[in-house]
Each structure stands twice: as structure tokens, then as C-alpha cells.
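Consider the two complexes below, in which chain A is the common component and chain B and chain C are the respective partners.
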Partner chain A sequence: MAATTEAFTLKSETPRRKRRDLIPWMFVAPCIIIILLVTIFPTVYSLGLSLTKWEIGLQERPFIGLGNYIELFSTARFWHALLITLLVVVIGVSIEFLLGFGLAQTLSGQMKGKRIVVAALLLPVMVMPVVVGYTWRLLWDAQYGPINQIIGWIIGQPFTYTWLAKTETALLAILVTEIWQWTPFMFLVFLSGLAVLDPEIFEAADIDGASGWAKLWYITLPLMRPIIVVALLIRGLDALKFFDIIFTLTGGGPGNSTETLSFYIYQMGYQFFRLGYGAAASFVLLVFLAMFLTYLLKAFKSAVGS
Partner chain B sequence: MSTRMFKIFSVLLAVTMLLGLTMPVAYAQGPCQGSSSQCAVEAAKQFAGTTINYVREAGLQAQDPLTMAPIWEELTGIKVNVIELAYLDMYTKPLQDHLTGGGAYDAIDLSPMWMQDYVNAGALEPLDPYIEKYMNPADMEDFLPVYRSEGVMKIKGVTYGLYDDGDVFILYYRKDLFEDETNKAEFKAKYGYELAPPETEQQMYDAAEFFTNKYAPELYGLAIQRLEGQAYSWFVGPFSGRGGQFFDENMKATINSEIGVQLLTDMVKQNKVMPPGVEKWGFMEVLSAWMDGKVAMIVTWPPIGRWSAGYGDTAKQLAWVPASKVVGKVGYMPQPGGRPTLAGGFNMCISASSNNKEAAYLFIQWMTSPDISLQRVMLPFALRDPYRLSHFNSPLYRSAWPEAGEYLDTLKKAGMAGQYELGIPGAREYMEAVDNALTAAYAGKDPKEALDEAAAKWDAITERLGVENQKKAYEQWLKNPWNRLGPKVELPAE
Partner chain C sequence: MCHAIVLGPSAIPMSQDQVSICMVGFASAMMRGELMGLRTRKLLASSIRYVIAVVALAFFLFPIVWIILTAFKTPSEFLKSPPVWIPRTPSSIYFEHVVQTGGLRALSNTLIISTSTTLLALLIGSLAAYALARYRVGGDNLPFFILSQRFMPPVAVIFPFLLFFKALRWMDTHQALILIYLTFNLPYAVWMMRGFFMEIPREIEESALVDGCSPLGAFWRIALPLVSPGLVATGVFCFIFSWAEFFFAVAITKSQAVTLSVYIVNFFGKMMVQWGEIGATSIVSMVPLFILSFLVQRYLVRGLTLGAVK
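What follows is the complex of A and B.
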């Protein structure tokens, strides 16, 4: 009898336990399905697409294996776009970092009117990149742009240089615009990071007679390392996908001189409907992003660990 | 009246009334003998309650269908939802929609240069069955021949679009400056010939140089749109006029021929007599400078002619257009060089993915019919330009402002001498390569080097899309006399 009761209990508990085990899965199932549908499926689909020759001008979509990747790596325009992207990441983000950190250091203490200054400094980052692009296009205008106007006042004669239409200066103009917009982001992150640093450490350093430079180099920077890595990570990833300002300021020109990887992919995929080739280029960008992310995450871990 | 006569009269009256009642049905079911617009309206009534999505270029372009759609809805009960897209998105979005099986668009506006790509993708509905069923055949003949030709409305003899925009470049010049006696004397002394509205590119350059040297910075001799994106349009016509060819018999690109290089060199030189920063000037910059009286000549699309004459300048849709300071001072010439570029233009087409093809077709037939399209090309704010013989000959249009007749004659002459932009598969990509070459040369690159690069890109595109396929498409495209390059349009003997 006892054995029968035990068996009955086991029997009735097993399905219940199973059901209980399933409940967490049921809760996360919608999320998993959505992720599968909107992330995993398109990624796998576009990977398949990158192995085909799908073009608007062709009736068929043959499988060509790595053909698109081979073409991509043998195209000078692609390498040029990659170079421009890296220049924007390295030069643009570095300057944003230096300026943002410098401003944050300057404004981290108590000062009169700090709120207004901080609010004003944050304005560019709140503006849509497309609006920033069009606004700066007017600022860089050869005939009516304030930049040329001011230079004209300084040198005492009309100055009508066409910044955006000259290969030598188009990228410079883009970098200045990009830095103007995103330095406030760095500044904000660093300002909040500096605000939570323990003041006692600096007081102790003062008592020990540490110079301002020594405090910055040996205390502030090491303590800020995790925050710096996160800021660089966010901005770096964003800069690798840099598109909007290029689109509005130069359209990748003159010629293809300011084309970034994102802009190149947009041209190939959405302007010329080279869908297979565009997908291959997107995957290459994805690999770069993944490498960059992995490197910075490692740096982040070591920063947090130290 | 005798009883017998009364009976006969009653029967005749009844027959007449019956005929009157059934006439619209007859329009709808057989070839249209009357007005194509009326035939479209009557036939469309069976689709009352339907909504059709119509793609139109955003901004001012869309004001025309936004004005006409309520009238169409009132007449037929069919609602038209106007979807506004940026010009280059008009190529990409409907194609994306078709490739993904969306069916979001019913009627779409397409530039002739995009037609082959769309037809190859199976994205367009052939219109011939609808035309046969609903259109008065005489109205097809009313399209100016250049606009109803192969490669424009038709691809390989099949009609895929109804032409709706007579876009062609003409030269606008300041009559007051050209007719000024001092200017005439000074010009003749310097250049050795009479100052006159230019017919050749050299004359245009000389006049531009003369006015710039004399009046800058208050006024410059010439302004031409140089902004990346559509800069190539100003290359195509002169390239053809000078005898340039896009490809040789083996389908190798020849845009970097001596003719091409010399033309680009001249175009770079032209920038020096244009306002500073012209390399970044788009449509709006040219328009503003012209309307403000800051340039002596511009080469651009037809609407500027209407606006500079002050035609309909009180329309609220034109509030953004600078007030014209050149009213009564404007003369018109076809774009110098012999082959004005037929730049852009639009066909109204039906998407193959549409669920409302017939209703959408009837809408575009109504919009492009002679009487309705005349109203549309005369809307002060419209960007649709005359394209039917009846438009050019319309007494109403010809009296719209004092120089309107001269304007219409110039548009017709320029259109009939025009040169279409390349319209084979991959056209956007080919033209973008030329665009890159132009902007690179404007930025200082050697014109030959820039065009060599463009030609290499062209060969790569051709190779990729299949040399034989492209050759066939190009040969087909060249069947249209206005696609064939050369100093003059060679029309086939009647």
C-alpha cells in the first residue's frame, strides 16, 4: 500500500515538476522568439545573402561562395572607405576624449554658473546628427558661411574657400563637425565619473605635496580607467558606423574621398541594389566591430580588476 | 404634333436618354473615343472606396497630386494616398518594396533612366492592355515624340509608363544685360564677336567670363548646379553634343575619351567664372542667386522659367521661393552645345506588386490626360513641365505671362533636340561613377585621371552585369533617337 502511495506521489509530482521547470522558459520564450526573429534570423539570412550574387540588373541569384568577399578585398574603394573609417575612429574619438576630459577636469570643481555652462556644452549632443550635418554645411559654405566670414575678418580680405568640395579639407571639416557634436558626450561621462571620485584621496595627495600633474597622472586617470574605457567603447562603436554627417555634408565626396564603410555599404546595398555584395561588406564591418568590442571589453575587465 | 409624331419623338427621346445613360459604360468597356480623362473617371467609379498609394517626390512635387487627389476622389470615390519620398529614394524604396513582396505602392513615379532596372526586376505592370481598354488612341499621339519613345515610356516595345514631366535643361539669360549697349560694345571689343544669347558652350563661357569680370561680386556670369548627386546631368548633354560616346562596339567605356576629358576640363574652367563655392551648389542655391538677380545665366530645369517670370508667385506653396527680381528680364535658349540634357523627367507607372492595378492605372491615365495634365503643368507651384503637343500649343498657357510663348517654344525645341541620360541596367551606378569623377575634378583632381577612374568603374559594372547582357540592353536603348549620342538627333525617315 505504502509503495503504491509513493508511486502515486512520484507520478503526480513528475508532470508538476516538469510544468514547474517549464514556467521560466515560458516567461522568456517571447523574448527569445523576438530575438531569433529580429536578430538571429536576419543575421543568418544576410550571411547566406553574402554568398550569392543578388543584383538588381540580374535575373538570377547564383551562389558564388566567397566571391563577394574576394571582390570586396580586391576593391580599392573598399580599402579607402575602411581607412577613412579608421581615421574617424582614431583621430575623431581621440580628440573628443582629450577635449571631453579636459573640459570635465576644468568644470569638475565648484564654480559660479557651472550649471549653465554644463547645459550649454551639452546642447550639441542633443541635436540630431542630420540636423548637425545640414547646419554645419551652412557654416562651411564658401560664400555665405560664417567660418569663411570670420577668417575673412581676420586676414582682412574676402575668404571664399570651399571646404567641403576640396579633397584636402573635406575630411577635416567632417572631423571638426563630428568632434563638435560628440565631445559633449565624453565630457558628460567624464564629469559624472570625476564627481564620484573620493575627495579624501586628493586631500591626502595635497598633504603629501603632490603636484596637479602628479594627481592627474597617478590618481585621476587610474581611477577613471573603467569610465574612460566605457566612453571609448561607446564612441568607438558609434564612430565605426559613422554615416549621417558624411551623408549630409559631403555625400562621400569629392569623388569618393570621404566615404566611410557604412556609407559604402549604403551605396552598394541601397543605392545600387548589390544586395549580396552589400551583405558581405556588412559582415566585414560586423567583424571589425566584434574585434573592437572584444579588445575594449578586455581592457574594461582589466581596468575594473586593477 | 400628331399622336404618331409624338410617339416617334418619345421613342427617339427614350433611345437618346438610354444612350446617354449607357455611354459612360461604353467608355469603360471599349476603346475610349472621347476624352481620356472622362473615360478614366467613368471606368474608375467601379473601384469607389478603394485607396491607392501613389509615390511622389517629396516637397513641392507632391503639391500637385495633393491638389488633384481630392478632385479625383470626388469624381470617382477612389482615395489617393500621396507618399512623399526624396528623389533618390524614389528609385530605391519601391524596388525594395517589390523585392520584399510588400505591395505598399500602387502608382509610382520613375525617371526614364531607372526603367530598365525596374523592368528587369519585374517590378512594373505592362500598361498596354489598360491603354487599349481605356485610353483614346489620339491622346497617345499627343505626347511629344521625344517623351513617348522607346526607353522612356516603353521598354522593348512594351509600355510601362505614362510620361508626365517634360524635364529638359534650358539656358535662362538676363535680357537686360545682353541687350545693354555698353556691354555689347565692350564684349565685341574683347571677344571680337557680338554679344548674343549663347548657342555654343564657348559663347556661354565667354559671356560668363565677361559678366563675372565686369560685375563680380555683385553679379556673376553663370551658375550651374555642381553638387554631388546629380552633377552628371550637366555632363551628359554637352558630351553628346561634342560627339562623345558612352561605350565602344565591345561595350568598353569611352567616357574618358579626348572629348570627355576636354569637356571635363572645360567644366572645371567654368567654375572659375561662377560664384565662389559653386562646387557645393544645388538646385536651391542656383535658384536663389538667379531670382535675386545675382547671376547673368543659369542652365537648369523648366520650373525656374515660370517662377522667374513671377507666374503665380502669390501661391502659398511658393512662399519659400525667393521673390523674383528678374521679372520681364528673362530670355530662354536651349542648353548650349546642341544636345540639351533630358535630365530626370518622370513616368507614372504601376507597381507589379500592387493590389489595385486597374484603379491605379485609371488614376494615372486621368492625371496625364490632355485636359487634366494641362491644368497640372499650369499650376504655378507644380514642378511638372509641359510634355504634350497640346501643352505647347495651348493658347491659355501661351498667354500665362508675356514671354510664355517664347518659353514654351524653347522647351519644345530643347526637348526635341535633347539627349537622355543613360538608361540601361545599372544606370544609377554608371552615373554615380561619372558624378564622382566630376566632383573629384572640381576638387582639383586631373580630369583625365578622374575620368579614367570612372571608365574603369564602368567596365567593372559592365563586366559584373554581363558584357553581352549590357550590350543587348545598350543596343536596345540606342533605338531611341534621343538616346543616341551625337551632335544632332537623327530621326528615322517617316
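What follows is the complex of A and C.
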């Protein structure tokens, strides 16, 4: 009896099971199709575009191989944009990390009104980057901005420095703006990271007479390492695409001195209609991103498991 | 304990011997229950914390307060050097002007595009996420492949999109932006929802399947209601991303489908900057996101770190 039932189920299960195995794939299918259609296909198309001379006024789009890339690598403006992008990523994100970590370390533990403080500190993250750019443009304004006004109060005489008209200070302004918007992100992430650390470890360290710095260096940082890595990589990857704030804060200026790679590519496409050349530049950005991304995915695998 | 004393209000340089004498004294003071030193130290530490909190709040809130105040100033107030901080005769004139110059259309465009993208991303994304979490479709690599799409730089796909949309006559339309925003929200939604599905026990679904419920039914009627808080949180984040997006919006839209982020740029003229209108539009763009972020406070860290920190 048992044997016959088993045989029966086996026979009828095979085609049914096959259908069953297909169902999960059908669940994923719409998602995969959209990703292939809307992300992968354009990317491949863009790669093809980068190998052609696609310019306004040209009747033909001749295949020129690596011509666009060769031109790109011999253009000082491209290298400058790459440099600015990496400066924002490295300096901006490092300072965000240090400030965010310091702030989280200071405000962790019990405190009156902490919930409100944390919620308020987080608001910059929720402001549109375009709005952030305009707001800081007004703040830095030589005549109408409160920053010069406050400096004027401190030094005791009117101060009208044109921050955004000089390359060095325009870059400084960009960094301050980026740091203003994203330090709260780091702060929030580290605050919740610190909250789950086991207090017993610190008590044990206290008994052993460890100093505050020793506890930070030998306990907090190693335990927080996975979270720190993930936070840095997420921020770094997004900062590589830095565009909105440049658009509204400096417009890439003065001259082209604060252009990021994204802004440069946008200009190539929209001002000069050089789609092939712009696509080539976007592939260089993609390569940089892919390098970071491999680390991010590894960090994710160790942080969340799979 | 040493540094505790040095940190104290009456910090004076001490030799090694003095420090150890001090420590003994401190320890015996503690044993005798004389906690004055400790109490002042604690008081000092907590007041330092409050000072830092206040300084941080001032720095991070000042720009937001400034742009809000600007929306209520007269031109003679924000175009005064040095600037006037508090508007003397606040009025809603810039908001009226924003409404008259197509601000409502930009707002409704933003709402339509963000809402549609969010709903589509949630629907398609959670279905895929369910299969990834429960049936382990594609093993370990497929989820990570989908996640990696979230980081695609917009500039890498923009030129093909321009050409396609021109050919389809989709430039400056809602559907163009909805489709593009799906690119970024779908990977995010899949990844987040996969995390939420993996956290709920599978026994209920299994017994439902045994009782003859279809896999789709188990997903829709059992699993999805169980992860509804996660679904809402993920949806809010998708909404926020679409709402604030600028790069694609400025590249694809011109007049009909402009979103708030593109609309605001109109007020920044080469000759004259309409700061009042910029302030008013900024407020309109900020308030919904502030409210939404308060609603998902509990999931903020998780949402912002793509589930890596819970």
C-alpha cells in the first residue's frame, strides 16, 4: 500500500514539480526583464555609443574604435573633473565619517531629549540636493550671505569675501555642503551601531583600567568595523556620482574648475551634443564605480550574510 | 581614573606620585561615599555633551531655517548687505507666485511620478524579493547582482535613454521618468524586501501551501501582510528617492513633466535670482519628506544603509 502510494505520487509529481520549480522564476521574471531592459541594455548601448563619433551636425556615426577614449585621456578638463570627483569622495566622505563618528560617540547613551535631537540632526539628509545647493549658495553669498556677516562680527569689520568666485574656496564650499548634508547619515548609522555594542565589554575594560582612547581603538573601532566599511562604501559610491549640488551651488565654476565627472559628462551631452564622447567618459566613471562596488558587495556579504 | 581627575574643573599638572596619591584618595573618597568629584565630573561630561549637541543642531539646522525664512522675506530684506535674519512682514506672496507660475503642476507631476514609481517598484520588487528569499532563486549571486544595479551611475545610461525617448516621442512625459526611476528603485525594493521576507517565519506559508494554497496566494495573502511595516518603509524610501531626483529629471523634462527639483531651477535666472520663490518651492519640497522620514523613523538606518545595519 505504502509503496504504491509512493509510486503514485512520484509519477504525478514530476511534471507538477517541474511547474513548481518554474513558479519562483516567474516571480523574478518581471524584475529581471525590467533591469535588463532599463539598465543593462542602455549600458551596453552606451558602450557601443562610446566607440562611435556621435556628434550634432554629423550625418553619419562612424565607428572610431577607442578614438573617444584616446581624446578623453588627453583632455586636461576630463582629468580635472576626475580629480575633483575623487577629492569630494576622499576628503568629503572622510570628514563626514570623522564628524559623524565623533558625534555618535558623544551623543550615544542616555540623554534627555535625545530622540528629538537625533530626528532634527537628520533633516539635512531629507532635503533635495538641488535645494541644498541653492541654500548654501545664498549662505556663501558675498553680500547677502550670513556666513560673511558672521565672520564680520567676529573680526569686527565688514567682510565681503566672494567664496564661490575663487576655485579654492568654491571647492571648500562644495565640501562643506556635502559634509553638511551627509554627516547626519554617518551619525545615525554609527549611533545605532554603538547602541547594540555589549556594555559588558566596556565594563570589563574599565576594570582593567583601559583609557578612553584605548577603549575606542581596541574595542569600539574593531567591533564597528563592518558597519564603518558599509557606511563609507555607500557614501563613497553615491559621492562618485556627485552632480546636483555642483549644478546649483557653483554650476561647475568658476570656469570649469569645480566640475565633477558627472557634471562634465552632462555638459558634453547637453551643451556640445557629443554623445559618443560623453558615453566614453561615463564608462570611465563606471569602471571606478565597479571597483568600489566589488568591495561594497563583499562588505555586504560579511555584514548581512546571504 | 587618572584622566578623570585631570579632566576635572580644577585640573593642575601633577607628578606621578601625586597622581597615585590622588587615586588612592579618590578611591577612599568613593568608598566613604563622598562622590563630589565624581558628581562634578559627570555634570561636566553631560554639559559638554549638551554643548556639542547644541552646536551640532545649530550647524545642521541653520541652513534649513535660513531657506525657510527667505521664503517670507521681502526682496529688500534678502537683498540687503548684511542680510536681515528675521522677516518683518512675513507674507505668502511667493507661495502665491509659485502657484501662479506652474508650481502646482510641478507638484502634481512629482506626486504622480513618485507614487507610480513607488507602487510599481513595490509590486514587482516584493514579488521578486519573495522568490529570492523563499525559493533562493539564482542562489547567492542574483540578489547581489540586483543590488549592484542600485549603484549604476545615471550618466552611464542617460545618452541611450535620450535617444530612445526621442525615438518613442517620450521626452518630457511622465512615463519616461517613471520607467527610469524604476531602474533605481526596483533593485532597492528587491534588496530591502528580501531582507524583510527572510525575517518572517516560513511555517505559516508552508502549512498554507500544504492546504492547497498557490505560491502566489501564499505570497499575497500570507507573506505580504506579515511584512507590511517593511513594505511601507521601503515604499517611503522609494518615494523619497524619486521625489528628490534631479539628474534624469533635468535631462528628460522640459515643461510638461517637470518635477519640483527641475521647476525650482527656473527661479535661478542669469540676471536675477528669485530667492523668495526658491525659498517657497524649497519648503513645498521639504515638508513632505520631513513628515515621511518621521513616519519611518524606526527603519531609517536600515533604509539608508540598504539593510546592512538594522
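FYI, the second predicted complex is superposed on the first by the 267 of 306 C-alpha atoms of A that agree within 3 Å, B and C clash if a C-alpha of one lies under 4 Å from a C-alpha of the other, contacts with A are read in each partner's own complex, and residues count from 1 in each chain.
Convention: a contact is a pair of C-beta atoms (placed from the backbone, for glycine too) under 8 Å apart; a residue touches a chain by one contact, two chains touch by 3 or more.
Bear in mind that the values here come from a model prediction, so they are computed numbers and not experimental data.
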Side-by-side fit of chain B and chain C on chain A, or clash: clash
First, second, both or neither for A:124, with chain B first and chain C second: second
Touched partner set for A:166, first chain B, second chain C, both or neither: first
Partner chain(s) touched by A:256 [first = chain B, second = chain C, both, neither]: first
Which of chain B and chain C A:272 touches, first, second, both or neither: first
Chain A residues touched - chain C or chain B, whichever exceeds: C
Touched partner set for A:28, first chain B, second chain C, both or neither: second
Chain B versus chain C as contact partner of A:143, first or second or both or neither: both
Contacts of A:58 with chain B and chain C, given as first, second, both or neither: first
Touching partner for A:135 - first (chain B), second (chain C), both, neither: second
Steric overlap of chain B with chain C in the superposed model, located at which of 26-34, 44-52, 98-106 or 170-178: 98-106
Chain C-contacting residues of chain A that also contact chain B: 143, 158, 160, 270, 275
Chain B contact footprint on chain A (complex, rising order): 55-59, 137, 141-143, 158, 160, 162, 164-168, 170, 250-257, 267, 270-273, 275
Chain A to chain C touching residues, read off their complex: 20, 23-25, 27-28, 30-32, 34-35, 38-39, 41-43, 45-46, 49, 103, 106-107, 111, 117, 119-132, 134-136, 138-139, 143-146, 148-149, 152, 158, 160, 180, 183-185, 188-189, 192-193, 209, 211-212, 226-227, 230-231, 234, 237-238, 240-241, 243-244, 247-248, 261-262, 265-266, 269-270, 275, 278-279, 281-283, 285-286, 289, 293, 296-297, 299-301, 303-304, 306
Footprint of chain A on chain C - complex, ascending: 1, 3, 46, 48-50, 52-53, 56-57, 59-61, 63-64, 66-67, 70, 78-83, 85, 124-125, 127-128, 130-132, 134-135, 137-138, 140, 142-144, 146-149, 151-164, 179-180, 182-183, 186-187, 190, 195, 215-216, 219, 240, 243-244, 246-247, 250-251, 260-261, 264-265, 268, 275, 278, 281-282, 285-286, 289-290, 292-294, 297, 300-301, 304-309
Complex contact set, residues of chain B against chain A: 88, 91-92, 95-96, 99, 117, 120-121, 217, 226, 228-229, 275-277, 279-280, 425-426, 428-429, 432, 436-437, 439-440, 442-445, 450, 453, 464-466, 469
